[in-house]
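Each in structure tokens, the structures are laid out below.
Across the two complexes that follow, subunit A remains constant while its partner is subunit B and subsequently subunit C.
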Partner chain A sequence: MSCCCTTENVFENSLHYSSPAHGGWGVLKMGHLIPESYTLFVSPAACGRHGALAARMENRKNRVSYLFLSEDDIVSGGYEDLLIQSVEKLIKHLEKCHNVPKVLTLFVSCIDDLLGTDHDALIRELSKIYPHIRFIFCHMNPTSTDTGVPPAVNIQNKNYSLLDVAKERDGGVNIIGNLAPLRSNGELFQILSDMEVSKIRHISDYDTFAGYQEMARSCLNLVVTPTGKYASSQMEKKHGIPYEMALTSFQTECVKETYEKIAKKLGKLCPQVLTYETKAVEALKKVAETLNGMPVIIDGEAIVRPFDLAKALLQSGINVQCVFEQKLIPSDKENYQWVMEHYPDMTILQPQNPKVTVLEKFQGECLSIGYSAAYITGAKHVVDIAGQHGLYGYQGIIDLAEMMEKAAKETADLKKLLDEAVIVV
Partner chain B sequence: MEQLWITLPALAPDYSGVCSAMFDLGGICVIHDASGCTGNYTGYDEPRWYGSSSKIFCSGLREIDAVLGRDDKLIDNVIKAGELIDPTMYTVIGSPVPMVIGSDMKGIAYEIEEKTGVPSFGFDTNGLGLYNKGVSMAMCELIRRFAKKKEEKISRGINILGTTPLDLSANSNADDLNEKVESFGFQIVGRMMMGAKIQQIEDLAKAEINLVVTESGMEAAKLLKRKFGIPYVVGMPVGNEMDVWEALEQTLQDKADRVVCNEGEDGDILIVGEQVLANSIRRSILNKNPQAKVCVGSMFGLNKQIAGKGDLNIPGEESLVELLYSGKYKVLVGDPLMEDLLSEKCNVRMVKLPHVALSSKLYWDEAVHFLREEMDQLIEEIIK
Partner chain C sequence: MIKIAIYGKGGIGKSTTTSNLSAALSDLGYKVMQIGCDPKSDSTKCLMGGVKIPTVLDKIREKGPEGVELEDIVFQGYNGILCVEAGGPTPGIGCAGRGIITAFEKLEELGGYEHYEPDIVLYDVLGDVVCGGFAMPIRGGYADHVFIVTSGEMMALYAASNIASAVHNFGKRGYAKMSGIILNSRNVENEEAIVRKAAEEMEETVLSIIPRDKAVQTAEDQGKTVIEALPESTMADAYRELAKKVLEVSGNELLLHHRKCV
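Right after this comes the complex of A and B.
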């Protein structure tokens, strides 16, 4: 690889390259976390295509239909009547299929932000006609990516905004921010139990809308990825549920600090974590030995805070040579600064920068943690991971180390991995 | 209510058609959008994307740029990418947001060309139109810009118009077609657009005849007729049939345009798909069974110039459902996703013909090889 960027121009503004490995859940799938919900996507036809196809690939197409706006609808700026008629027709269809939802999410796309549709009025009208169904507008508007509430943040807030204020609070804790549930083998569950937490709740635990309402009873929200912070702050306002930032980290000392913070917030003593910590340190040591200097590339699309992981691996003697990250997020800034201070030759690349399309492929053995970096560099070994894969705590470190060891011993079929991953931009 | 699609996904949009047409030309294409439109194309409408070196990018349009009309930012970023890549041309392509804010894509292209001296194109696509219109727009613009009048003609020189993986997939259909054309003694001048090069477009006028293999190629054929007097034949050769080849020989002789299309008779068999291919399948069915009732339907805007009498424009999912439950049809030939619309109640047998412009990567690895034996088997399956 021949490109090496200076820190000044690392995170530059440019056209965006969309590699075959670029993408993730997409907001539609995130919205489908609301149990017993159905989506009517209201947009120009094109906006709905990738979400619909991905839904079909994952057997979720029976949870989404589309209202395609015409040029007339857009020019006139008013599709309210059309929407109400479409909802009527859709609900009749769903009644026939015995699939009437508890929630109808009305997704709109980028152009809706420019049309000024009165969403509140529409919700009021629809709620009057269908009092047994909850309606909510959601946004697939990547034009808002640079705003305070980008799509991935907004949809998390929407997902929890349907929680009604509970009459009683219990000793449960909500895990907020992660899309896939945390891996059940993590020590977090035991540690929280030791802190007398009665129930650990994640939105994906619930099959019913009534069951999901249980989340409003929790006494604390643990925010494990940054995109969950805004939703948690809104929940604090509405429900009075406090939150604690408990971001996934691959640095053992940070994991310990997080558990101590949680204990303090709950007013409990932090259980002993030394045994867990020792195992995590050993796992990192073992993978360093296995890799034996093999270059490692970290992909910011696979790991939410790639510089946190880079720091952890570098401190364990692993040869991290390159980090792919499109835009540095605030919660990873300190780690980035540490990496650049201690490893000033570290290559930082933006996976969507056109520069990567003219990069030479990596020569020799190399391990990529994530798909995009693997595609761009041609890495032979690939850790099959997207969206952090539920990794958390010391066990998350151990699991990742094991995944790295396994990947280092195999030549990956990246195309097959991508076909199976079903990613959406 | 044609705008409500309960079951089927949206069809491939116009901007994907433009990108698909430009794919092989060595230029930089930029979809002026935030990310999702480009993701539609690269992730779901371009079977050739994995491993390709085509330079198709997203402008990364943001709310503030839209509100302030920051075309300058787009132009600067396009030029910056060009310095890295040295493209043969630039293409800027519209999407829904530029439509709403009234971006002048042709004006932006003009400015890029002024600044770089590199040929540049702008397309006012908006995600409301369909891929075939995008392919067609791109082909016509390229012809207007690059095709030159030629005194010399190549004997049995032929242009193939309308090849796109959105219809042909990225299996060997395009190569099979080229081989078959050459096996009948033709010399291919222009491959529009799978395998296209700018030099080929410059030389299009050297051809004696044009073969239009999809509806996307129709406008280009008419344009080449107007500009250079080249006659055309519309027809996708399928299986072992000879009709298209015979039509080409006749047109070489009499210079008359021909559409190889039989009259349809509504009932029994409904073929819903790319119009020229659907016509060819009907032809093959009728060659085997002249009594068969076969109707062609298009969800991409029925082009009446190449339609049989009684062929159907199917503007949306609801119309298709009505047809399928009308009791008229016993067999549906169409994309596998259409099977989701069927039930025992309509008693229609499905014969699957994957179409990338509908089902994308769900079935593009199973696309039929039109010129191989499997097409003959598909015809047998339809008429059994």
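Right after this comes the complex of A and C.
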């Protein structure tokens, strides 16, 4: 187990290891958030495997077709023509099946980046042939991971780029950045309603592309996950919709600050949150008692800002011993520094660093929040959570505390959890 | 802003022509940016006193994709000309075309054009349009006009024909248009006639004839353009004449109007 105080040493660039528990929302699934959309995935055959398996397992297989590229397609200069011909063939087929989409997303891989394809020109050409279909290019290009616009950020921007500028605004608010919708039992909805927000919108609310356009009417974007920030900044430029960073936090004081920020942005008074706050503090206290010193491991694949959660749990007397995080994200840096300052013996591990494969399994009782950390450490108790699971606000804290309590009382069947979560390696 | 791409076979004198063109345009009062799109990254050397500037790709390698700032990649040379070198991979390894794309994307991402607001951007692009990367400057949003530098030598004309063909092929997409051929003389026998005939076959015109003159070498030995080192020379006049013609075909009315407004 390691202990280090500089991020450079802790979060090193290394060979990558992918555990059987590694995974989550792929870019294809993110693209499928667009209502009434269909995808043509353009890549060498192997690159389509992950998305295809996940689509099959999640009943999305009728929303994607594949164009597999060969060496000849790449070197001949016929790639752009091939794309157009393939789209024509696909749409002909979809017409026969009475399944013509409103949006066709063309997912291209890193190969396309090397070819320097002119996407704008192709879209113009396709739009002339099929004026009733919207086309966008999306990228499944892991080579862009270290750039300012990695795939998960880019795809969110692409999704929202399909919103047309609305003629009129209303008092609605968009929730941006989270892929799964926020849990409906959260106090956020009541608080926003108290602030006279007329409608709270998330991309997953819409079954039709026409209905989805409603999001362009909102007066504010609330960014609850850092990956939504870029899309929101682009929406501000295009639609004039301002945005507020309202990231999910498990620290009660941060939740309060976020609600106060939102109220200020909307020009409203912030409703009283003390009742909610008290319940959240009690829930944390209760889970601390239940765990009774049991070591807790936090997985960055389950919680977007794992050091935020670590700080919250440590301040509540919960024995967080280890945080799994591949790369520290800027919005979690302050929390990381707090954790390292107050708990210098905290173990930080990278789930994709091959070093974790030779670690000894955790001895004795311990609870992992997330799958990868559970797999690597052999944790007996596992909180069944991936991709933050819609947790938000005080209720998010309460729900997570309850999930931890439940997990602490059961021995997890990790394989079953992974199967149910559709983790495709 | 007018964006101009200058193409031609490697070694034909593109960078010399482009740098002198930049210097002449700058002397006319325009704010000029020259972007070298050649892995050997010496396009702007004579505008920078003979010094090679760090390239965009060098800086991305050194500081990481997120660490690069405009000041790392844009340098002021002769008369305030903004100099950028896209750069390229280690010779023999990597993908030079992708390098050009990455450099362009970085410059755009950092808001280079908006920040410096040049009146004229000149892309000095290597050789044939061999792949999507080297065609990047021709594409929508980048160059509006393409000029080809050639001599009367067969290989230079062959490359020119390829480039013209690429520009024409892309024409239907609303890309840059061919705006003329610049004959950079090599004292080949019947050179002017040969190039004019080739231009005719390409359905293009010869915009300007740059004579062969040792002034170019003298200036380059000093790490300067002819415009800077030998401003009184006939060669400097030839480049000034070229600048006027380039402005004529590239919409100088717009630029003059812009200047008056400013």
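One rule holds in what follows: the second predicted complex is superposed on the first by the 413 of 425 C-alpha atoms of A that agree within 3 Å, B and C clash if a C-alpha of one lies under 4 Å from a C-alpha of the other, contacts with A are read in each partner's own complex, and residues count from 1 in each chain.
The rule is simple: a contact is a pair of C-beta atoms (placed from the backbone, for glycine too) under 8 Å apart; a residue touches a chain by one contact, two chains touch by 3 or more.
Remember, predicted model here, so these are calculated numbers, not experimental data.
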Subunit A as common anchor, with subunit B and subunit C clashing or fitting: fit
Which superposed partner A:327 touches (first subunit B, second subunit C, both, neither): neither
Which of subunit B and subunit C A:113 touches, first, second, both or neither: both
Touched partner set for A:121, first subunit B, second subunit C, both or neither: second
First (subunit B), second (subunit C), both or neither touched by A:52: first
Touched partner set for A:361, first subunit B, second subunit C, both or neither: neither
Contacts of A:20 with subunit B and subunit C, given as first, second, both or neither: first
Which of subunit B and subunit C A:148 touches, first, second, both or neither: second
Subunit A residues touched by each partner, larger count belonging to subunit B or subunit C: B
First, second, both or neither for A:264, with subunit B first and subunit C second: neither
Minimal inter-chain CA distance - subunit C and subunit B, angstrom: 5
Touching both subunit B and subunit C, residues of subunit A: 113-115, 146-147
Residues of subunit A that touch subunit B when the two form their complex: 13-20, 22-23, 43-50, 52-53, 56-57, 61, 65-71, 74, 82, 85-86, 89-90, 93, 109-111, 113-115, 140-147, 352, 354-355, 357-358, 415, 418-419, 423-425
Residues of subunit A touching subunit C in the complex: 113-118, 120-121, 124-125, 146-148
Of all residues in subunit B, those that touch subunit A in their complex: 1, 3-16, 30, 33-40, 42-45, 49-51, 53, 55-64, 66, 73, 77-78, 80-81, 84-85, 95-97, 99-101, 126-128, 337, 340, 359-362
Contacting residues of subunit C [partner subunit A, same complex]: 64-66, 95, 97-98, 101, 109, 131-133, 135-136, 139-141, 173-175
